[in-house]
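The structure under discussion is supplied below as structure tokens; questions concerning it will follow.
Every chain is named by a letter (A, B, C and D) in the order it is written, and numbering of its residues begins at 1.
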Amino acid sequence: MDKVVESHEIRKLFKSGDQILSGGFGLSGTALTVIDELLETDITDLTVVSNNLGDLGQGLHKLFIQGKIKKAIGSFFSINREAVIAWSKGELEIELLPQGTLAEAIRCGGAGIGGFYTKTAVGTELAEGKEERVIDGERYIFEKAIKGDVAIIKAAKADRLGNLVYHTTARNFNPMMATAGKIVIAEVDEIVEVGDLDPEYIVTPHAYVDYVVQSKYSKVGSEYVESR
Amino acid sequence: MLSQDKRHVIAKRIAEELMDGQIVNLGIGIPTLVSEYLEDKEVFLQTENGLLGMGPLATEENLDIDLINAGKEPVTYLKSASFFNSADSFGLIRGGHVDVAVLGILQVDINGEIANWAVPNQPILGVGGAMDLVTGAQKVIVAATLFAKDGTSKLVNKLTYKTSGIRRVELFVSDYAVFKFTEEGPRVVEMLEPISIEELSEKVGFQLEYLNSPVEVN
Amino acid sequence: MLSQDKRHVIAKRIAEELMDGQIVNLGIGIPTLVSEYLEDKEVFLQTENGLLGMGPLATEENLDIDLINAGKEPVTYLKSASFFNSADSFGLIRGGHVDVAVLGILQVDINGEIANWAVPNQPILGVGGAMDLVTGAQKVIVAATLFAKDGTSKLVNKLTYKTSGIRRVELFVSDYAVFKFTEEGPRVVEMLEPISIEELSEKVGFQLEYLNSPVEVN
Amino acid sequence: MDKVVESHEIRKLFKSGDQILSGGFGLSGTALTVIDELLETDITDLTVVSNNLGDLGQGLHKLFIQGKIKKAIGSFFSINREAVIAWSKGELEIELLPQGTLAEAIRCGGAGIGGFYTKTAVGTELAEGKEERVIDGERYIFEKAIKGDVAIIKAAKADRLGNLVYHTTARNFNPMMATAGKIVIAEVDEIVEVGDLDPEYIVTPHAYVDYVVQSKYSKVGSEYVESR
């Protein structure tokens, strides 16, 4: 078995209206090559679940600028100025969740948990319309699990079977998202042979990963540069 | 005092509150400056995007743009560090395993409830980890200049900005004074400016009281 | 056929159902024997105590008693393996990421609902991962001799033992026949004993039907 | 900072009536030395949360035989014959949970989640008396989070600060339990210096661990033998 594919082959895995789970915090841990491929398709009306909508004209920001995103579910869009403007004009739907609630909801989506009760956001505007419940004397709100049609993951290394390890804080949302997509595409800096990754240290087991793509980006100083 | 100096006064005073061995999360803004005043205290900085044991900001020499703090600035990590995913990171926060969160605020009311995520009259499209930290940390210290640019007090009777959660914070370190929130309301622990509590009460708009006997400013 | 032989007939037949690349969980008992018949199929065995990529049982030479399967037998692991904690392991199971679970049963009803955890007239003090596997796996194949020691059929109209969950299993491989559960009830896919469907119907206690045209036993 | 203590020092951390979270599956990943110390105290009436109650006269089985356990919460006690007998006589309370539900409930306890909805056990005897809810057309039952007064963890290595890594399937319930105890004691095979464990591969960050104890047991063939 070999899950490694050429990046252009993943275009056919997406369709208009899909809910896409995209790893990344800022641009760290974002599958930039996969997103570039998505730009080459004519799909549209995507719902994107991600902490933010990319940054500095890269990653999901590109996708948004191209008008492919109908709705964004995440925790921090304030830095995405164009997104804020689009939202004000009614051109973009936004669902805002606390960052920890977002992470947990995706984890539940991948783990067969339908929903959960969190303390975060109780009594705030973000709890409006949400069920509240007192458990052992403390107030909690109900949050539903989040799943996606396709999850686009960025990892440091994959073996050919799809076992993944990550690099520093580029791990962020990726391991949970890898569990919660019907189709999971992992973009990686390095592809190694099966057996090269230590079984104790694999973060995402291959069971979750459907396709592995070599990243075309590398880090040059303070930028991610397309270089391959 | 210049605005920048005030921020450092606040940060330095907060650093005094931190103790060896504590797990601490520093928010964006003034809280970030606290790390400059930790001296030889063994405090472990957590950043919600998945790192415990954050070191100083990265320099041009050791820059790795994958390795960032919650403010998206490139950072370094200490040898005691560990990396984890966002769900586990917020498990740490929400589960009560962060000893102290130091957070910026827009307002804090007399009960210690804070507003720190939604800027008034602007689209509210970012919350990040603010509510998780307010809810989950064992102790929350808030940091801000006492007065906004237009002169209004950030210590208020009742929040007019959107609340960050029902949890009441423990301490408010401002440029003028340090406030502790008690059952009876905010109490001045220490004055940081050479100003009487009466003068400060007048500026804030309601009567302030000392927690204990007044502490003189050096 | 001796009881031990029957178990192997069932295990071998189930192995035929498994396909390259599948994530498979084998329960205790007959299901464990399936691994002996995988030949060169690249099937990845998961064990719910935290391993994907389980290898053969350990021998005296490579024994490590920390490394066990869900039946607490010392095992080995393959080079593609990964270890994870129990919460993540059951996330894998309950979240639908195990392609096939092969489970032993006490009973299966005509709709494919199974009973496989509570032995009747005995204290019910163990469930383990049985219910998680029944609920979560993409496909459930159950394995058992068709008749209990007292001659009663394990394929029943209605469960008399306690159900393992509302999920209906896909396939029941017994020593006499392979049954597929359809909307219309169980259908014989294949006979494994040289016996007519009429004879088998009589032994089971209700009329059985073939899924398609009868397959002859070699 | 140094969290390493002599094993006898941990006796004072327990009190009668405590709820103890104990890692381990069978005996793999069980803090055998810590349990031995617990036997030297006069505490009693413990509630123990663990997959099973030890095995073969070791681990929690010893604690049970000594009459220190009032209640056991876990997934598989059938192999603990004496426990089954005690239960029949009304001398031991048992709360049975599916193994995945047990693991998830402990994870929630450590992560500030009050409870969750799982598909497992819907329609079975183990769902009796539990709230049922339909989410997106599927049936789920509610389960409350589980926490403990003291968690006793077994890991392979700790650094002096309490960062932990595990060994193969001895990991099992330990990482979740480490998050859900008010006091957390980690028994380890090896104590190393801070910096010796790779930050990418630490499974339990030191924030969760209060005390580190050197294990007195080692593996000899098919047994765990007290040898130090």
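We take it that contacts are C-beta pairs under 8 Å (C-beta built on N, C-alpha and C of every residue); 3 or more make two chains touch, one makes a residue touch a chain.
Please read all numbers here as calculations on a predicted model, not as lab measurements.
Visitor: By label order, what chains touch subunit A and subunit D together?
Guide: B, C
Visitor: Quick one: how many steps at least from subunit B to subunit D, stepping chain to touching chain?
Guide: Counted as steps through touching chains, the separation is 1.
Visitor: Work out the mean Cα position per chain and let me know which chain is farthest from subunit B.
Guide: Centre of mass proxy via C-alpha means gives C as farthest from subunit B.
Visitor: Let me have the rounded angstrom distance from the C-alpha centre of subunit A over to the C-alpha centre of subunit C, please.
Guide: The separation of the two C-alpha centroids amounts to 36 Å.
Visitor: Return the distance between the CA-based centres of subunit B and subunit C, expressed in whole Å.
Guide: So the centre of subunit B lies 56 Å away from the centre of subunit C.
Visitor: If you average the Cα atoms of subunit A and of subunit B to get two centres, how far apart are those centres in Å?
Guide: 29
Visitor: Two or more other chains in contact with one residue: find those residues in subunit D.
Guide: 104, 107, 111-113, 118-120, 166-168, 200, in rising order.
Visitor: Pull out every residue in subunit B that's touching 2 or more other chains.
Guide: Counting only residues that touch two or more other chains, subunit B contributes 77, 83-84, 87, 90-91, 93-94, 135-136.
Visitor: Using the touch rule from the top of the page, what pairs of chains touch, sorted by label?
Guide: A-B, A-C, A-D, B-D, C-D
Visitor: Along subunit A, where are the residues that touch subunit B in the complex?
Guide: 25-29, 51, 55, 75-80, 83-84, 87-88, 94, 96-104, 106-107, 118-126, 139, 166-176, 203, 219, 221-224
Visitor: Can you name the residues of subunit A that touch subunit C in the complex?
Guide: That would be residues 1, 107, 109-113, 159, 161, 163, 179-180, 194-195, 199-200, 202, 205-208 of subunit A.
Visitor: Going by the contact rule set out above, which residues of subunit C touch subunit D in the complex?
Guide: 47-51, 60, 63-68, 72, 74, 77, 83-87, 89-91, 93-94, 118, 123-132, 135-136, 162-166
Visitor: Touching subunit D in the complex: which residues of subunit A?
Guide: Interface residues on subunit A, with respect to subunit D: 104, 108, 111-120, 133, 135-136, 138, 140, 144-145, 165-168, 198, 200-201.
Visitor: Over in the complex, which subunit C residues touch subunit A? Could you list them?
Guide: So the residues of subunit C touching subunit A come out as 20-21, 23, 42, 44, 46, 52-53, 77, 79-84, 87, 90-98, 135-136.
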